[in-house]
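Dumping the structure here so I can ask a few things about it.
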Amino acid sequence: MDTPVLESIRPLLSWLDMAAVAVFAVSGALAAARAKQTIVTFAFFAAITGIGGGTLRDLLIGAPVFWVGRSDYIGVCLAAAGAVWLLRADRWQLPALLWFDAVGMAAYAVIGAAKAETFGVPPLACIVMGVLTASFGGIIRDVLAGEPSILMRREIYVSAAALGATTYVVLVALGVDRTAAGVIGAAAGFGLRALAIGKGVALPGYGDED
Amino acid sequence: MDTPVLESIRPLLSWLDMAAVAVFAVSGALAAARAKQTIVTFAFFAAITGIGGGTLRDLLIGAPVFWVGRSDYIGVCLAAAGAVWLLRADRWQLPALLWFDAVGMAAYAVIGAAKAETFGVPPLACIVMGVLTASFGGIIRDVLAGEPSILMRREIYVSAAALGATTYVVLVALGVDRTAAGVIGAAAGFGLRALAIGKGVALPGYGDED
Amino acid sequence: MDTPVLESIRPLLSWLDMAAVAVFAVSGALAAARAKQTIVTFAFFAAITGIGGGTLRDLLIGAPVFWVGRSDYIGVCLAAAGAVWLLRADRWQLPALLWFDAVGMAAYAVIGAAKAETFGVPPLACIVMGVLTASFGGIIRDVLAGEPSILMRREIYVSAAALGATTYVVLVALGVDRTAAGVIGAAAGFGLRALAIGKGVALPGYGDED
């Protein structure tokens, strides 16, 4: 992912980015494991979940799709699929995965918004790009697997991505340094998601109060 | 949306375009209301339905995606989601909405074909772009909401969009002025859809006559 | 499809390409027939299945979408839809179709990888493009029709596309002539798919041996 404005923290970002792909890819492979799929489907689900959100973002903002010109992103997705299959990772108790996923989501919300910003996208659309980067891969995974989508669950997930991206965009608009804005935005997104995981905080559904 | 060939009626077109986004966004938010979703899902559904068709068209013809460089289209979708939630619009009797949707569909079929034409797309593909602009947002909305898709209902909808776009493309090929062709095309699409709404006109299913 | 590196066999390729679109379009129209759909849905399904995979590949590698600038690909899809409807092709015993589909899949896996190569895409991503070109149209067809996806069946299909594309890419990397690599790659993909059709060879599902 190309985020020149965040040059000073590029090594960290680059590591975070690849780590987020890996975590999302693992969550895709685990969905395939729950559905008793073949190794080919593991690979497909891992790739869609790992790189689907960033792919949509890049298509929308007119950027070259980030993983097409290189091999490492696809390699990470294939490795995640193979590891889940071989290690039978679906049998582990993995509360840690939920937390890694929360970090990945928060990082992606900010990275997505920041990349859109570097392509001259205005603020509101930058927020949309952050949300899509963080959530679209998981939405497609759920549609293909026939599981209830993160988009349709009341559990806070997409909202946390929206909070993270919005915080980043607003802080940058207020003149805050991009590195600081990114860290604060990601922390806000992660914090809200943590409340959902730890305390079961959820959004009200339409008509709930009746 | 950028339709230079229709310069003379640009203000009307621009208004129609935004109105069509709003109507489609409302229909997306209403689907979220039927599914008792959260406000975040309302916004997602409103945006997908409002701008999804034009997004696919722009990706396919290689145009910059129309809503990415500005904030008003997304703003209209968010406003539509908020309005449906706050006004509890799903409880109203809204036959009017069906008719507004028909106007939006007819306008989009022509606008989509006209925009593709300005990008040098040949006639048959222009018709496809008109149909996709008018119907793809609703198709994705239905897939995500788990409702029967407008694509799979026998009720005339996609066909009306096809009629509108085809009429426009054929008239332009015959040398008719683009403004006149656009008005006639939209009227044809709207008229066919009106027969479906008012009289229940539907297409035969495969094997019906057996 | 634009595959300059394969210039010497261009006429054959061009014929194979259009034949593959036609076969896939027929399979889309047959899915519409099974669902007792209207002629409009027949056309939609035929087009999505026939040209969906190549469309995604072109969007991802940044190529102009292959069917947008011309009318023949869409024309073939519409003709396939009309032919299935009029000839009531779903009532025929059509084992031949499965074999034609296998040829189309194998051709597309190699063509997709070869086209990506001409756009400077590295080997692993070329393989992904071959797989997507050969399988994505069918995946979308199944999702829209509500049928079990080829992605989720244990029957070998996506794997055969992966084998064909991988064989081509590896042979080219080893310095083999592209024409020979293409023929060998397509034969490998077709051969594996033939084992699945003829002998019922399938991949193990996750956890099967327990």
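Read from first to last, the chains carry the letters A, B and C; within each, the first residue is number 1.
We take it that contacts are C-beta pairs under 8 Å (C-beta built on N, C-alpha and C of every residue); 3 or more make two chains touch, one makes a residue touch a chain.
If you're wondering where the values come from, they're calculated on a predicted model, not measured in any experiment.
Among line, ring, star, complete and other, which one matches the pattern of chain touches?
Shape = complete; every chain linked to every other.
Give a one-word verdict, same or different, on whether subunit A and subunit B use largely identical residue numbers at their interface, taking over half shared as same.
different
With chain centres defined as C-alpha means, what is the inter-centre distance between subunit A and subunit C in Å?
That gives a centre separation of 30 Å.
If you average the CA atoms of subunit A and of subunit B, how many Å lie between those two points?
30
Residues of subunit B that touch two or more other chains: which are they?
In subunit B, residues 59, 143 touch at least two other chains, as defined above.
Please output the residues of subunit C touching subunit A within their complex, sorted ascending.
Subunit C residues touching subunit A: 59-62, 120-125, 128, 139, 143, 149, 151-152, 154, 158-159, 162, 203-208.
List the residues on subunit B that touch subunit A in their complex, please.
32-33, 35-42, 44, 47, 55, 59, 64-65, 67-71, 74-75, 85, 88, 90, 143-144
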